[in-house]
Amino acid sequence: MPIEVVVKTLFIILVVVGALAPVITWVERKQSAVMQDRIGANRADVAGITLLGLLHPAADVLKLLSKEDVVPLGANRFMHLISPLIAAVPAIVGYAVIPFGGVYQFGDTRLSLVAADPDWGLLYIFAIGSIATYGTVMAGWSSNNNWSLLGGMRAAAQMISYEVTMGLSVVGIFMVFQTLKLTDMALAQDTTFRVLGFLDVLFGIPVPAWLDWVRLPAWGIFYQPLAFLMFLAAIMAENKRPPFDAPEGESEIIAGFHLEYSGMRFGLFYMSEFIEVIVIAGLVATIFLGGWAIPYLSTQTIIGGVGSVLGTGFATGLCMLLHFGCFMTKVVVMIWLQMALRWTLPRFRYDQVMDLCWKILLPLSLANIFVTGFVMLLVEG
Amino acid sequence: MVPLEHVIGLSALLFVIGVAGVAIRRNLIVVLMSIELMLNAVNLAFVGFNRLWPGTAEAPRLDGQVFVLMVITVAAAEVAVGLGIVISMFRNRDSVNLEDVSLLKW
Amino acid sequence: MTETHVLRWIVLLPLLAAIYHGLAIGLVRRSSDRRLVALISCGAVIGSFVLSCVALGKLVQIPRGPSRVLLDDVYTWIGAGVSSTRFSAEMGFQLDPLSTVMILVVTFVGSLIHVYSVAYMEDDQREDKGFQRFFCYLNLFMFSMLVLVLADNIVLMFLGWEGVGLCSYLLIGFWYTDRHNAFCGSKAFIVNRIGDFAFLVGIFLLFSALADAGSPVTSFREIAAAFGGIREATLAVPAWLPFGPEWPVVEVVAICFFIGACGKSAQLPLYVWLPDAMAGPTPVSALIHAATMVTAGVYMVCRLSFLYAAAPAASALVAWTGGLTALLAATIAIAQTDIKKVLAYSTVSQLGYMFLAAGCGGYSAAIFHLGTHAFFKALLFLGSGAVILAMHHEQDLRRMGGLKRLIPHTHRVFLVGVAAIAGLPGLSGFFSKDEILVWATHAPGGPWLYWMALGTAGLTAFYMVRLHCLAFYGECRATPSVREQIHEVGPVILWPLYGLAFFSIISGYVGLPQLWGDLLFGIDESDSLGRFLGPVLTRVDKGHLDHATELGMAGSAVAVAAAGAALAWWLTLRRPELPDRIAATFKGAYELLVNKYYVDEIYDALIVRPLVAVSDRVLFRVVDAGLVDGVMVNGTARGVRALAAHGLKYAQSGLAQTYVFFMIVGAAALVGYLVR
Amino acid sequence: MTTQEILFYAFAALAVVSALGMVLNLRNTVAAAMSLVVTMVSLAGIYVLLEAHLVAAIQIMVYGGAIVVLFLFVVMLLNLRADEFAPGRQWLTKLAAGLVVFAAGAELIRLLSGELPEPGELPPGFGGYRMVGISLYTDYVLLVEMASLLLLAAIVGALILAKRRID
């Protein structure tokens, strides 16, 4: 078993973090360029080959690594040095519970595309997220710089506030799927539900059989649209990316908590942001977009259909690939969505951020919980 | 499995450290933290004993853990109020040194 | 033994009325309409009278015998302990012939007096809500009295006993703005306390004795049943006490109860409160201090007749006390000039009669006289009340006279009352007094009591006739201003008087003694009251006196009475100047009588003053102010303050951590203790 | 020595060291807070070892995520730098600490002398959010309600206390 864990971990760190994150930076640059009607990154070249600027990430990494790592005067050296790590590590370990695919049975070996699958997976994510706060706060405090301090304080307040909303906004999902285990959630969304079923269930109006094809994939977003929006907002605020980047707030407090950072440590903050973008994408995809589930094409169907022709082993493998692909697609879509938001919306004012959390999202999420429970009571009679 | 004596011993040790912190430190904030530490020590004991008597499959007993949750709640409330006091005290005394708030005496 | 719920309503009606009045007084600001008040009160009392008649009807349907009793057990009032030490007092009522007689008298006289009071209190404007307050107390009294007579256990009886005492106190001091009235009320209350204390002790003794005998019971029937067990029981007392070292419990208990009766029924030496009780409104004097409450003692003695029958010494005490009281009070009454005072002392002496009879074993005779006396004494009091109203609250006989022409109706009914109490043959008083005299013949201690009773009869006739003549005959001695305004009282006052007069005449035939039954009507079923009460009361054999003797006794009684009456008439009307001359010649004796043998003064000197002095000098100044307040309360405070000021306060350093330190030391000590 | 035991003793050592660090760090309040976080997290690890998964998660979320952050927030708000808080000079507190250490030492010795029975067999799903939740909302629902009331009171109280002036 440990060997399997090691393999998965390596996969995550090398492929997802090591490879994907830099690519994301490129994607962001390009996308922003497109949205701003620019060309965007296209300079870095190796022997004239620019690959659409795909070499920029590598160049950035090289540059950051080669820069001097400054610790400002009067700063708390130790804290200042470790806080980027404190910020980065939680972001990375967040991957541990995200299922890149389901559980597959090859003969007598089971293969599950998730590093660790604890029963309390979502709680794990929240816990990690709450730890991530410290990196920022410490960075802000230890830099011995008032801007940083302000940034740190903003970060502290903002992150603990949105912790609450984030947690409460998905309670509805817990109630619907009756689990906190991410793999189970994904599994539960690998099916469809009758759109008109509510007529039958709530009002006892029988739905004619010829309307039975009016179905939607049983995704969280369809069960809990409001929760989807709120969760997205909250978790993006957790990530302190625009429009929630009050802790950085270039125009107000120059760069906020990582004002005093340079070199790879600054890079770590930067990286951890992008890593977290991916985590968020994966998380949202898993919770709300059916995870690895292919809409209208459940696992049984694939294995049953293909397996009858080409044998179960092959079918399972194919199914696994399809699922992984499907999941990645959703992740990319979500990443794109975040980018789009990041470059579309202006930054909220700090007090607006707080108001949004405490005065809008929190009451809404509570109401959402209440309504969900009420409806579930009705459905179960 | 770890012998439970060690768990309880650990909790006792942490508790003592917390008490010492309350007794020695003058920094009101640190004192509050020490109180938190004591609470955590107690929680540890709770969890340990609940592990010791987990009940049966049909009648599981989680009293210890439930109480831990309650203690955490109380701790949260206590910290909120305590820090509020700290802030107002700092506002009035311009310090969080416990010895600067010794007005209420003979 | 028949269960019925009518009894509880007999008791409840007046209580409800009283509660209503109380709430109205306490909660409503303006005083409620007098007609409504009168309607409610009188309605309640008359209602319970009707219910009493109903109960009587139920009772007589049961064949006579010990089981001729109605029961109504409401709930367990007090309950404690288990089996052998079980103490339980039911809130239960029983109606046997004895209590039947009582409730009939009480509710009937009560109803009449309520009606009377409506008119009597009409012109009493001294206080805004006085009218309602008066009727509140009156109803409360009716309730307590009915509880007293209907109680089926001795504890509940004591409740009623105290209740009537309370109401008497409240009503005597009804016009509390006059300090003297308030004082009289307190006096009555305190003197009653003495008796009640003895009564309470008696209850305790009786119960403990019964409990020792293995039957801890409180209800009268059970006590009577279990009585045999304690007949021989004795009470260990210090040897130096007379008759020590062992007193028979029965005697002690009987004496204790009798002391209680002395308090309530104004017997020697506790009679002093009754004359002062006349400070209350006249209807109160009539209802409480003549007809009902003061007879409670007699009722109690008869109720416990089995006890007294078994306690010869106590019975002798009862008889002698009664006889002496009768004589003493009669002599005092001779010299009184206040019309109500005269009646008060006559009440005392009549009560003495009853106790005399009871002490001699003539319980039914006592009850008989109780009933007749209730009627004619109530009549006399109400009549005097009418006179007082007519005279505009003038009570001094020396300023009356010649009222016959002015208020003929009052004079008529008053005359009936005087004749009845004086023992005019054929009227109620004659029969009952005769019965008592017959019993007195074989009193313990020889014929003395008989002679005393006989003399009392003469004296009674004397002072009553004197009173009547002074009030109604001769020329009017009132001041002219008053004389113009003298007027006959209204019908609302007169009708009750006539009703009472009627019963004063005929009520004697209820208990017609054997002798007269035979002689007058030749019926051998006479003394119906005696036979009615028979099963309840313990029968003491009064030997058999042949008719000649009885006739002789009756004749002598009439003769003495006639002599007294004639003397009174001669002295007051023929030779009005003589009394003063007599008074001058026998100055000492006269002074003695006028000042009621100085009993009040003696009590004052012997008991009251020392008590007050001790309370003030020792108990108040030394014990309370000095010891309790000074040392205990303030001393404690001072000590604590000193301690805190000189030592403890330094413990409060203001440093939170010092406090934490103390806490920690405590915790450490605790841990150490637990760990060791 | 199994993995569990190794982990336990590692976490225990971490907890004790960081706790001491918190108490004895005289200069730097923020550092003290950080070491408190370490204690909390290592305690959470121990909870996991003791099969109290939900409690562990809550521990990190509430203590690590909220409470200590609040401490830090306040420290930064008041901008307490390396502070002037020397340890209490009064013999009193020193003696107190000594006493306590003594008493607790006695307690430890007694406890480590092994009197406790062997842990019972674990019911399936022990310590999971399902089981804890069920017992929370059945046996202890009143407790939950009271806790919510307490929190409300705390919110109001903190607000009133920290407000600059009530208006």
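Letters are used for the chains, namely A, B, C and D, taken in the order the chains are written, and counting of residues starts over at 1 for each.
Please note the rule applied: contacts are C-beta pairs under 8 Å (C-beta built on N, C-alpha and C of every residue); 3 or more make two chains touch, one makes a residue touch a chain.
Since the model is a prediction, treat every value here as computed from it, not as a measurement.
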Farthest chain relative to subunit C (centres taken as mean CA coordinates): A
Nearest-to-centre chain - CA centroid comparison: B
Mean-CA-position distance for subunit D and subunit A (Å): 30
Rounded Å distance, subunit A centre to subunit C centre (Cα mean): 98
Separation of mean Cα positions, subunit D and subunit C [Å, integer]: 79
Intercentroid distance (Cα basis), subunit B paired with subunit A, Å: 34
Multi-partner residues of subunit B (at least 2 other chains): 19, 23, 26
Multi-chain contact residues (two or more partners), subunit C: 657, 660-661, 664, 667
For subunit A, residues that touch 2 or more chains besides their own: none
Residues of subunit A touching subunit D in the complex: 76, 79, 118-120, 123-124, 126-127, 129-131, 133-134, 137-138, 140-142, 149, 152-153, 156-157, 159-160, 163, 167, 180
Complex interface listing, subunit D residues touching subunit B: 4-5, 8-9, 12, 15-16, 19-20, 22-23, 29, 32-33, 36, 39-40, 43, 46-47, 49-52, 54-55, 58-59, 62-63, 66-68, 70-71, 74-75, 77-78, 80, 83-88, 93-94, 96-97, 100-101, 104, 107-108, 111-117, 119-127, 131-132, 135-136, 139-140, 143, 147, 150-151, 153-155, 157-162, 164
Complex interface listing, subunit D residues touching subunit A: 28, 30-31, 34, 37, 41, 44, 53-54, 57-58, 60-61, 64-66, 69-70, 72-73, 76-77, 79, 128-129
Residues of subunit B touching subunit D in the complex: 1-10, 12-21, 23-27, 29-30, 32-34, 36-37, 40, 43-44, 47-48, 50-57, 60, 62-63, 65-66, 68-70, 72-81, 83-88, 90-91, 96-97
List of subunit B residues in touch with subunit C within their complex: 19, 22-23, 26, 98-99, 101-106
